[in-house]
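Residue numbering begins at 1 within each chain, and the chains themselves are lettered A, B, C and D in the order written.
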Amino acid sequence: MSPRADSRIGLGVLGCGRMGSAHARIIAGLVPEARLVALGDVQVDAAHRLAAELGGPRVHDSAEALAADPEVQAVLVAVSSSRHLDAVRAIAAAGKDILCEKPLALTLPETDAAIAAADAAGVRLQVAFMRRHDPDHRRAKERLASGALGRPIQFGSLQFDMEPPPVAFCDPAISGGIFVDMGIHEFDLARWLMDDEVTEVMAYGSTLSHPELATVGDVDSAVAILRFASGATGTVKLARDTTYGEDVRTEVLATGGSVWLGSLQAGHSAVSGPGSIASDFPDPAIPRFERAYAEQTRAFVRAIAAGEPVSVTGRDSRAALAIAIAADRSMREGRPVTIAEVAGA
Amino acid sequence: MSPRADSRIGLGVLGCGRMGSAHARIIAGLVPEARLVALGDVQVDAAHRLAAELGGPRVHDSAEALAADPEVQAVLVAVSSSRHLDAVRAIAAAGKDILCEKPLALTLPETDAAIAAADAAGVRLQVAFMRRHDPDHRRAKERLASGALGRPIQFGSLQFDMEPPPVAFCDPAISGGIFVDMGIHEFDLARWLMDDEVTEVMAYGSTLSHPELATVGDVDSAVAILRFASGATGTVKLARDTTYGEDVRTEVLATGGSVWLGSLQAGHSAVSGPGSIASDFPDPAIPRFERAYAEQTRAFVRAIAAGEPVSVTGRDSRAALAIAIAADRSMREGRPVTIAEVAGA
Amino acid sequence: MSPRADSRIGLGVLGCGRMGSAHARIIAGLVPEARLVALGDVQVDAAHRLAAELGGPRVHDSAEALAADPEVQAVLVAVSSSRHLDAVRAIAAAGKDILCEKPLALTLPETDAAIAAADAAGVRLQVAFMRRHDPDHRRAKERLASGALGRPIQFGSLQFDMEPPPVAFCDPAISGGIFVDMGIHEFDLARWLMDDEVTEVMAYGSTLSHPELATVGDVDSAVAILRFASGATGTVKLARDTTYGEDVRTEVLATGGSVWLGSLQAGHSAVSGPGSIASDFPDPAIPRFERAYAEQTRAFVRAIAAGEPVSVTGRDSRAALAIAIAADRSMREGRPVTIAEVAGA
Amino acid sequence: MSPRADSRIGLGVLGCGRMGSAHARIIAGLVPEARLVALGDVQVDAAHRLAAELGGPRVHDSAEALAADPEVQAVLVAVSSSRHLDAVRAIAAAGKDILCEKPLALTLPETDAAIAAADAAGVRLQVAFMRRHDPDHRRAKERLASGALGRPIQFGSLQFDMEPPPVAFCDPAISGGIFVDMGIHEFDLARWLMDDEVTEVMAYGSTLSHPELATVGDVDSAVAILRFASGATGTVKLARDTTYGEDVRTEVLATGGSVWLGSLQAGHSAVSGPGSIASDFPDPAIPRFERAYAEQTRAFVRAIAAGEPVSVTGRDSRAALAIAIAADRSMREGRPVTIAEVAGA
């Protein structure tokens, strides 16, 4: 037995659906600092199929059982958002560290409860804002944080998906609504890249492309403007589908320079048409953020190995969620909403 | 004497400052359907210098004298915005057609008075939203208007200048404020590209890069969201300066496709740095919209030659101005403002 | 034991250096149709370290031992090119299928011997021209093969590395020289994308950036033009290092359209400088062709599972090698060289 | 009469076809240092039509008459290449400076005769390699000449037209063949950007898209490689038509950096398709090099005004022509051709 094998962190993945499977495969192939030792899902068949593909980690049928596995040192939680709190409580109770998919919960009280559970147990609780671990986003953050670009003055971020999830999933009771479900990434970037807090938001939404979403109370497209504590401003644009691909772009205008993050130019192939050149959008079969997911998990296990705190916390999730909830309320009530009104002072 | 020479429209240019000089040179070189026959400016020295460069058009020292010149069939007005109304009245009184720089006036009552003067005299009054005449913008309009891209659902437009004008010029009493001075182009595009009317706007602004602008009551950066009559939404982003160049971008997401207009990719040269490739921004010495200015004037003289109405009217200027004023009020009062509140029903 | 597990092909990897380790990790994480069951290297320590990281495949100290492992159904060969022939012979003798790194050998006689060994044993012999398996390249191939773009008339391909390998490695006795070592990818693409055979080549080279390469008889930069059997033409450009990143671009001009493949535009982030926007080159830590490597191995194991022949064969390697050898001879002798002269009729 | 008017150089344009008309319009609109005082063409009707459009310069029916016009201080020659020598002789005999379209002549003896005529008369003779005056190309030249990018090691340039001229025009007796007609720009850039001389060239050509060109002895597509005196190398790619627009690109790889010049990314508008974004190619109605033509004429008249020599001379045209002739001979004879063989030592 090699000393190197011993040093790897034993990870369990809770939830073997689309996101959980993706995380498990990434751990197996792209996270050399971790061993995938167990999978958990109430649907054990799905977990067994995934285990067979990935060289045979053990399978458990509950968060409790997974957390109790002695080889499991930490758990990546990828069940649906409404079940995050129960999962976090079970794993924290077993004294294991947690990397939880975003958002930590759909409401602020449940978010607070999850944070409290982790704090009480003294375990790490990292939230999966994976863009923070993407090399391009990190480079942008470093450029802004270095001061070389001066003071940030205007934030802009856009997320356009390729197609909406099933209508039932868009029910705000399940998804939290478009600002929680999609926009939470933009709101987290707003705080992180600007190194500032959002104080007020105003938003509009529409259901012009998928009117059926109105039946569950969601919109398919939305825009918001942000005011930051420093006086800086920002825009957020969301849409459930485009014709051309999954589009994720962020830019920050600062007094001494700008940074751009984006997918518009990222294609590797093109073909000419009459008078034009059609660039293929980045292949959706090669997920834009696969590497970011890997780096996120690596950051998590490295923090554990080093005995250090995690860098993206439950409090970050709470802050982004508060902005999303304020945006949702603004859209519904047609007025600007302060974060203080939603989140408490 | 050739029959072709006779068919050209005799144009006068009122105002021989930066914009007027640019227009006069473009008429001389890029508008074969027109002859530049006269220049007018109260500062006759400036007019004489420009005339000498351009082959000797006559020089007049007032709008009235220019309008009375028998060879002048129509006048391009390029004096400062606060003097537009007087100029329009004088030229309309002489029965000559008018192509007026944007905005037609800084207030809605003055805009109405200018429209009324032209209507009463039965002369054409075209307003210089030159982007509508830019070949790229026309192509985008045609793509949207054709229906091939489905229904427009989200508008976005951005204008970042290279550097702010002198502080005195930014005084809202002179410029109308950032939303009137810069944003009026975006608001005109919003109506034109979306083929829709804006009904409400909410805006934030800041003076983080040029605090001195606060002394005259303007901001150096601003964001706004728009609601359209159809339910569609939009964003507008403005800034007085960037480090990299003059940036003008517009995009429309529709149910069946998107269009982009923009300067980010338009450079023709690049140089490598360590790990990166630096694309030169389009050379500011080659104005982005020079061709649009020429096409605008060509559209104007062609309408005159054909005995047809102009395509971009005083009423278009009024509608865009109303949105700009609503945005300005929203920014100052911290609440959404309907266009009806500003413009009357 | 699940039926799914049984259906996976058991793979061994021979050679645990840089390329072999990369292949092994990709098999573990990105090739669900295969199981990594064994590693082989004469340096068993390296093999053991890699095995520990990848969940414990068995370790062997020779090609013969690896090929004899009963769980090994096929072997990926990633030892140095000069040892390919021996490896292919050993594995073929054991009746196992082979996926061999490019080039199959550095000389045409050794290439023929490797092909003969595989043919005699009746085993598959796939050569690792991974670009053929890259989704972007496949799309370009499909576009050209569909006939929609008419007849290909001009091929162009460029490969600029970030930095040269150690001088010793550039010794043509080891690397085959720049045209074999780097250009073989371009020559393979030339045949594949154009669906044509190269008949003649002329080349120039220089050692202006790394004069030390002259001491071993190689160049650091080279250009070549190609003539195809159809009359079509092409260019190939190679260089050992750039300042900005690893640049790989290919384009084909056809009578009815063009295709582009390239890295110049593929960055996801940018930062402004004075008058310019610097796009970060694709992060070298995220290998451009990682996905292509995975798809290549998947194509190999699927062919085995389906009982079908492989799509990229030893004969493809021979044809590309012949062009590379002709280019090298042309560069050294200063005259055009036909492929027939090098390869036999 | 203003002193400024006096200081402008009086220009005549010889040849009122497509190129001559474009030059005349550019002088009128974009060259403030010059006055267009006369036009010359054996077809006086064409000259009169152009004169009427441009405010009435005088019309002459021969080079001699134009050159004799006392207001004409210098002449821009835009008649067909085969008539350049006669025009240069006539204008030089009248002691007027000359800006001649490229190439100065189709053969080296005629080129030498034109240079000799200008030298004997002591007049300036500038040749219209307009790319040297394009702001982007000038920037690239400055970057290379500054030494900041190290030593140039590989040149590449490409010119793909939108559609071929009429077959009759492609007759090498009239056009000089594809390498003279199109490639002369690339060969001039090769010398200028690399600050080096080409010593040998090898070329291939084909007539796969326009077989009718074979009837007059030309090709529709061609590639060449270049060897420079320094040892550096280069590629040139030419084609008579593309589906997507007029494509002009140049790049230089140097030891410390690279420069790119190109049209691939220069469009200002785009539209989405399924899975792709189609960038409109730069509008051919807005000529890529209009500004370069203006700057070229400005450089010419400024040199006259300052009493200085011109920067792009007949000898530059001779050097580029010699490379083009060598490329043509190489293509026809299937062997590398040295410039010394063509041009004399």
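One rule holds in what follows: contacts are C-beta pairs under 8 Å (C-beta built on N, C-alpha and C of every residue); 3 or more make two chains touch, one makes a residue touch a chain.
This one's a predicted model, so the numbers in the text were calculated from it and none came from an experiment.
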Next item on the list: Please name the chain that ends up farthest from chain C once chain centres are defined by their CA atoms averaged.
Entry: B
Notebook entry, point to check: Taking contacts as defined above, which has more of them, B-C or B-D?
Noted result: B-D
Margin query: Counting only Cα atoms for the centres, state how far chain A is from chain B in Å.
Written below: 42
Notebook entry, point to check: What is the distance, in whole Å, between the centres of chain B and chain C, each centre taken as the mean of its C-alpha atoms?
Noted result: 56
Notebook entry, point to check: Rounded to the nearest whole Å, what is the centre-to-centre distance of chain B and chain D, using the mean of the C-alpha atoms as each centre?
Noted result: 37
Margin query: Could you pull out the residues of chain A that touch at least 2 other chains?
Written below: 242-244, 257-258, 260, 264-265, 267, 270-273, 277, 279-280
Next item on the list: Sort out for me which residues of chain D touch chain C in the complex.
Entry: 150-151, 153-154, 156, 158, 160, 202-209, 220-227, 230-235, 237, 239, 242-244, 253, 255-258, 260, 264-265, 334-336
Notebook entry, point to check: What part of chain D is in contact with chain B in the complex they form?
Noted result: 2, 4-5, 25-26, 28-30, 32, 35, 48-49, 52-53, 55, 135-137, 139-140, 143, 149, 257-263, 265-273, 277, 279-280, 283, 285-286, 288, 291
Next item on the list: Would you pull the chain C residues touching chain B in the complex into a rising list?
Entry: 242-245, 264, 267, 270-281
